[in-house]
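The following pair of complexes shares a single chain, subunit A, combined with subunit B in the former and subunit C in the latter.
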Partner chain A sequence: MSRLTSTDYLKKVMSRYYTGLRIPSPGKRIAWVTSGAPVEILRAMNIQVAYPENYAALCAARRQSQRLIEIAESSGLSGDLCSYARCHIGSVLSPNAAPWKGLPRPAVLICCNNICSTVTLWYEYLADILKVPLFFIDTPRVDGAPASHQVAYVKRQLEDLVCFLEARFGRRLDEQALKATLKTSAQTAKLWANIRSTAMKRPSPIEAPDLFIAMAPIVVLRGTRAALDFYQLLHKELLVRIDNGVGIGRYERVRLVWDNIAIWHALFRVNQMFAAHGGVFVADTYTGGWTFELMEGDPLESMAHAYLSVFLNKGFADRLADLEKTLSEYGADGLVMHANRSCKPYSLIQPELAREISRRMGLPILLLESDMADPRAYAEEQLRLRIEAFMEQLGGIL
Partner chain B sequence: MPVEHGKKHTFVWQKPGSGRNGDAPSAAVFCGEILPELIMALGYMPKRLFPSVSCPDLSPATLPPFSCTTAKSYVSMLLQGKMDDVELFAFSDTCDTMIALHSIFQSRGKKTIRLASPRSISIAASRHYLLAEIQRIAAIPEMRFSEEVFRRAASLYARQRQLLKALTEFRDRMPQEVFFEIGRYTWTVHPEEACAVLEDLVKELSTSPRRQGFRVLLLGSCVLGPGLFQLLDRLKLVVAGDNMCDSQRIHPGWPAAHLSDIAALTYERKPCPCKHGGGAAACLDRLLASCSPDGVIIHTQKFCDPHSWDLTRVKQQLARLGVSYLHLETSGEVSEQHRLRLESFCELLEARRQHSGGR
Partner chain C sequence: MITAGIDIGSSALKMVIWESTGKILARYVGRAGYGSEARAREFCHSIGVHIDATVATGYGRGLIDWADRSVTELTCQVRWARQEVPAARTIIDIGGQDCKVIRISESGTLADFLLNDKCAAGTGRFLEVMAAALDVPVEELSGVPDGPSVSISSTCTVFAESEVMSAVAGGRNKQEVIRGINNAVASRVAALALRLGCVPDLVITGGVAQNARIVDAIASILSTRPVVPKEPQLTAAWGAALLAHDKFLSKREGSY
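Up next is the complex of A and B:
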C-alpha cells in the first residue's frame, strides 16, 4: 500500500497544535468547543481552542479510551451515552489516567448543537464540574436551505457570543481579522472538498481511512494557515497520483462508501477486512461535514447560514439526497453503514436511509453495529463474518 | 368512584369519532411541547400519542437496537397500521430520537409538521424565534389556520389544564394507576369531553381522604404502560407529584389569545432536559418544596439520552439536599427486579422514618 508522504507533515501540524495548547504563555486563554462551533470568531480574537471530541477520537485511536470511559461510568454516567463524552469526561475526572493528562483547563466552554443534542448535555455537565462559564449556540434543525428566521436567530446568538467573549477576555473583535479568518476557513473547506473529490477518479488516489486521519486540521485548525498549508500539500500529492494513474497501492475491485463516524479504535483493522476482498472505501459521509461554504457579505450572517447547514443539522430528505449523490458521483458498488451506538442523530435514521437507497439505486448495503470510541461494543469476529458475506454478495453482483 | 373513570377508558389510540370533534381529521401529537390548540386551529383533532405496551416490536428493520422503547413502540404502531386513520403527525425537535422519528414518518409518506423549537430557553432571542417558527407552521399553505378556532381551542385547553392541575392537587387521594390512565385519556379526546370527566373527578376527590403511605416524587422518562403505577399502589407509595415526559410536564393553565402566547406558555412549562437554561435545578427545588416527599423515584428509559444525562445532575442535587432517591432504569415497563428494588426503597424510607422518631 503506498503511503501518502504529506502524512508526515500532518503529524507535525497536529503535534504542534497539541503542544501549543499546553505551553503556558501570558494572557493565554483556552476555550473548549464543539466540532461544529463557529470557531472563526474565537480565532480572530486570538483565543486558543481545544476540541474534546477530537481529543476523545485520538484517545480511541491510541486505544486509550476504554479506561477513561470506565472512569466516567464509575462516576455515575450511563454506559449508553456518547462514548466521546464518556471518554473525555473520564479524562477530566482523572487527568493522570489520560493521554497528555487531558486537555488544558478551559476559561470558557462554547457549545453549538448543530451536530447533535448530546453536546448540550455534555457541556452542561462540564460547566457544572469545572465551574466554567458555558456559552450555548442553538442551531435549529433545517430542511433544505435555512429559513430567514433561523438565520436571524443564530446570527443574534453569534452577536451575543462576540459580546460574551469580549467581556470575558477583555479583547475586541477586529472585523478585519474575522474576515481574514473566514477567508482562510473558506479556502480550506474548499480545498478539503477538492481533496475528497479526487477519490472519484479510478483508481482512487486516497481512501476513507486516510481521509479520517487527514480531517483533523479541518476540525481543529479551521481558519488557520497551518491547516491550509497541509491541505495544499495533500491536494498536490493526490493530483500527482492522478496524473500518474496511481491509486492507493492495491487492487480496487469494489468501490465502497462508508456512512458514519469511523470506528477509531479499529480503523485500519476494519478497513483491512474489506481490503482483503478488494474493497476500497472511496468516500465517506462524515468527513464531508466540513466542506461547508461561507458566503460573501456580512460575516456573522454568512457564518449563521453555514453553521446551520452542517449536514447533521439537516433533515432526512437532504441527508438522502447527499448520500445518493455521493454514491453516484464516486461510482460506489456498495454502501457500508456503521450503526454507531454513540451517535443517535447519525445512526437512528440509517435503516430508513438504507431502505430508500436500496429502493432507488439497488445497491448492496451492509449495516455494522459498533461504536466510535468504546471498544467494548466492537465484536471483531461477528463483524468479520458479516463483512465476508457482504463482500461475497458483491463479488456475485460485479 | 374515580377508579371506574380510569377503568372505563383505555389509554390506547382513540379512533376518530370517539370525541365530540370526531369530524375533524386526526392529528397525532408526539410531544407535550406542541400545544394542541395550535393543531386544532390548523383544522385537526389533536390527540397526544403515547407509546403502548400492547404493540409487538416490529421496529428492528427500521430502528437500530439502541433506540429507546418509546421510539420502537411508535414505529411498531406505524408499521402495524395502527395509525392509518391519522392524517397529520406533529413533531417537535426535542431529542435526537424525536427528530429521527419525524424523518421516518416523513419517509413513510406520512403528512407531518415539525416544530423546529429552540433548545435554548434562557435567551430572549429564542422567544422571538419560537414565535416565528409557530407563525411559519400557521402559514403552511395546505393548513387551514383559523384565529377564531385557535381562541376557542385555547380557552378549552386552558380549562383542561386548570382541571388537570386541580386533579394533581388531589393526586394523593387516588390510585396512581387511575391517575396515569386519566392523564393519558384526557389528551386523546376532545377537551370538552376531557373537561367533563375531570370536573367529575375533581369534585369527587375533593371530599375523599388522603391515602396513607410514603409520599414520593416521580421524575424522568415516560413509561409505556401502567405497570410502575400499579406497583406503587401495591407498595402503598403515594405519588405526590411528578416531572415526567408523559405526565405533568404540561403548560400552565391560562388561555392563549394570540399565537405569541403559545411561545410564552412554552417557556412556563417544567423544563425538559433537552432544553438548555431552563432552570431545572430550581424547578426540582420547587417541586420538592410543594410535594414534601419522603423520597424521590427517578425513572429513566434505556437509551433515553436526555434523561440519562439529567440523572447525574438530579442525583447530585438530591444527595446535597439529603433526599432519599431510587433510580429505576426500565425498557418502558417494570419487572420483578424493579419490584424488589422498590421494596428495598420502602424499607429504607421506613428505617429513616423510625430513625427520625416517626416524623
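Up next is the complex of A and C:
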C-alpha cells in the first residue's frame, strides 16, 4: 500500500501543537474545549486550546486508553459513560498514568452541547474537580436549516462568551483578528471538503483510515496557518494520484462507507479485515462533520449558524438525507455502521437509519458493535466473522 | 472428483468428504480444541483417496493452512441449502457459541445475515450450562413432553442460570424447568429471526437443531414449519465440500 508523504508533515504539525501546549510562557492561557466549540473566538484572542476528545482518541490510538478508563471507573464513573469522557477524566485523576501526563491544566472550560449532552456533565464534572470556570453554550436541535430565532439565541451566547473571556483574561477581542481567523477556518473547512471528495474518483486516492488520521488538524488547529498548510499539501498529493490514475495502491473490489467514529485502538486492524477481501472505505460520515460552511457577514452570526448546523445536532430526516447523499455520491457498494457503544447520539439512530437506507437503496449493510476507545468492547473474532461474511455477501464467492 | 469440507466450530469439529456423484464418502464429528488441525489432517488421509480440493470454515478455519480456501460458515450454509433445500430462503443456524440467521437470495446467494450479540443466550453453550446446573445430560433436554414451564427472562447466561437455580430451590419440577430452558433458547433465536425477517422456506441447522422441543417452539413462534436436515451439525462442512468442488472446477477451467 502506498503511503501519503504528507503524513510526515502531519506528524510534525501535531507534535508541534502538543509540545507547544506544554511550553510555559508568560501570560499563556489554556482553554479546554469540546470539538464543536466556536474556537475561532479563542484563537483570535490568543488563547491556547486543548481538546479532551482528541486527547482521548490519541490515547486510544496509542493503546493507552484502557488504563485511564479503568481509573475513571474505579473512581465511581459508570461504564456506560462515553469512553472519551472516561479516558480523559482518568488522565485528570491520575496524570502520572497518562500519556504526556495528561493535558496541561486549563484556565477555563468551554463546552458546547451541539455534539451531545454527555459533554455537559463531563465539563461540569471537570469544573468541579479542577475548580475552574465553565462557559456553556447551548445549541437547540436543528431540523433542516437553523431558524432565525435559534441563530439569534446562539449568537447572544457567543457575545456573552466574548465578554466572559475579555473579563477573565483582560484582553479585548479584535474584530479584524476574528475575521481573519474565520477566513482561515472557512478556507480550511472547504479544503477538507475537497480532500474528502477526491475519494469519489475510481480508484479512490484516499481511504477512511487516512482521513481519520488526517482529520486531527481540522479539529484541533482549525483557524491556524499550520492546518491550512497541511491540507494544501495533502490535497496536492491526492490530485497527483488522481492525475496518474493511481489509487491507494490496493485493489478496489468494493467501495464502502463507514458510519460513526473510528475504532481508534484497532483502526488499521479492522480496515485490514475489509482490505483483505478487496474492500476500500472511500468515505465515512464522521470526518465530514468538519466541512461546515462559514457565511460572509457578521462573524458571530455566521459562527452561530455554522455551529448550530453540525450533524450531531440534527434530527433523523437530515441524518438520513446526508447518509443517502454520501452513499450515492461516493458510489458505495455497501455501508458499514459501527454501533459505537460510547456515542449515543451517533449510534442509537443507526438501526433505524439502516432500515430506511436498505429500503430506499437496497444496499448491503453491516452493523458492527464495538467502541471507539474502550478496547474491552472489542471482540476481534466476532468482528472478523461478520466482516468476512459481509464481504462474501458483497460478491465473489457463490 | 472428491473434495473435503472442514468446519472447526467453537465446540465441535465437523468434516465431510464428498464425491461429485453426490455421495458423502465419509463424515466426522468430534470435539474441537487443541489438535483439531492434526485430527483433520489424519481424517483426510485415513479416507485413502486423493482429495482434489479442501475448503475450511468455522471459527478455526484459519488453522487449516493447507486448505485451498477458507470461507465463512454463512456462505457454506447457503451453498449447502442451494443444493439440498433449494426452496430455502432463511436458515437459522444454532451453534455452540453463536446463533445466525441467514437470508438466501432468489438466486441462491448470501443476501443478508444477523448474528446474536456477544453473549451465549440462544446458543448451544446456554443449553450446556443449564443442563449442568440441573445435573442432566444435554440430550435429556429434548426429551420432555409438552406441559407447563417456568419462565426464564434473563438474557445473560449467568443470570439465567441463577433463575434456574431459584426455580429448582422453589420446588418447581425438573420437566417444567427444562421446558423453560428450551423456550428461553427458542424465543431468543426467534426474536433474532424476526429482526431479519423470516422468509419461508425455513431451515434450522446446527447442533441445537437436534433438540426437537426447541425446533417446535421456534416453529410455533415464527408460524412456519422448518426443515431440519438429518445431520444438522454437518451442513456447514458439507457446504464447504461443495464450495471446494466449485473451486476445483473453476480452477480446472482456468476461470478462477
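Here is the rule we go by: the second predicted complex is superposed on the first by the 395 of 398 C-alpha atoms of A that agree within 3 Å, B and C clash if a C-alpha of one lies under 4 Å from a C-alpha of the other, contacts with A are read in each partner's own complex, and residues count from 1 in each chain.
In the analysis below, a contact is a pair of C-beta atoms (placed from the backbone, for glycine too) under 8 Å apart; a residue touches a chain by one contact, two chains touch by 3 or more.
Values in this document were obtained by computation on a predicted structure and should not be read as measured data.
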Partner chain in contact with A:A145 - subunit B first, subunit C second, else both or neither: neither
Subunit B versus subunit C as contact partner of A:Q393, first or second or both or neither: second
Touching partner for A:V246 - first (subunit B), second (subunit C), both, neither: neither
First, second, both or neither for A:Q350, with subunit B first and subunit C second: first
Touched partner set for A:L77, first subunit B, second subunit C, both or neither: first
Subunit B versus subunit C as contact partner of A:Q382, first or second or both or neither: second
First (subunit B), second (subunit C), both or neither touched by A:A321: neither
Subunit C versus subunit B, contacts on subunit A by residue: B
First, second, both or neither for A:P364, with subunit B first and subunit C second: second
Those residues of subunit A which subunit B touches in one complex and subunit C touches in the other: 369
Complex contacts: residues of subunit C adjacent to subunit A: 59, 71-75, 78-79, 82, 98, 108-113, 115, 117-118, 243
Subunit A residues touching subunit B - in the complex, by the definition given at the top: 75-78, 80-82, 113, 116-118, 120-122, 124-125, 128, 136, 138, 140-143, 147, 149-150, 152-153, 156-157, 160, 315-317, 319-320, 339, 341, 344-345, 347-352, 355-356, 369
Of subunit B, residues touching subunit A in the complex: 61-67, 71, 93, 95-97, 99-100, 102-104, 106-107, 114, 116-120, 123, 125-126, 128-129, 132-133, 136, 273-274, 276-277, 300, 302-303, 305-306, 308-313, 315, 329
Complex interface listing, subunit A residues touching subunit C: 364, 369, 379, 381-382, 385-386, 388-389, 392-393, 397-398
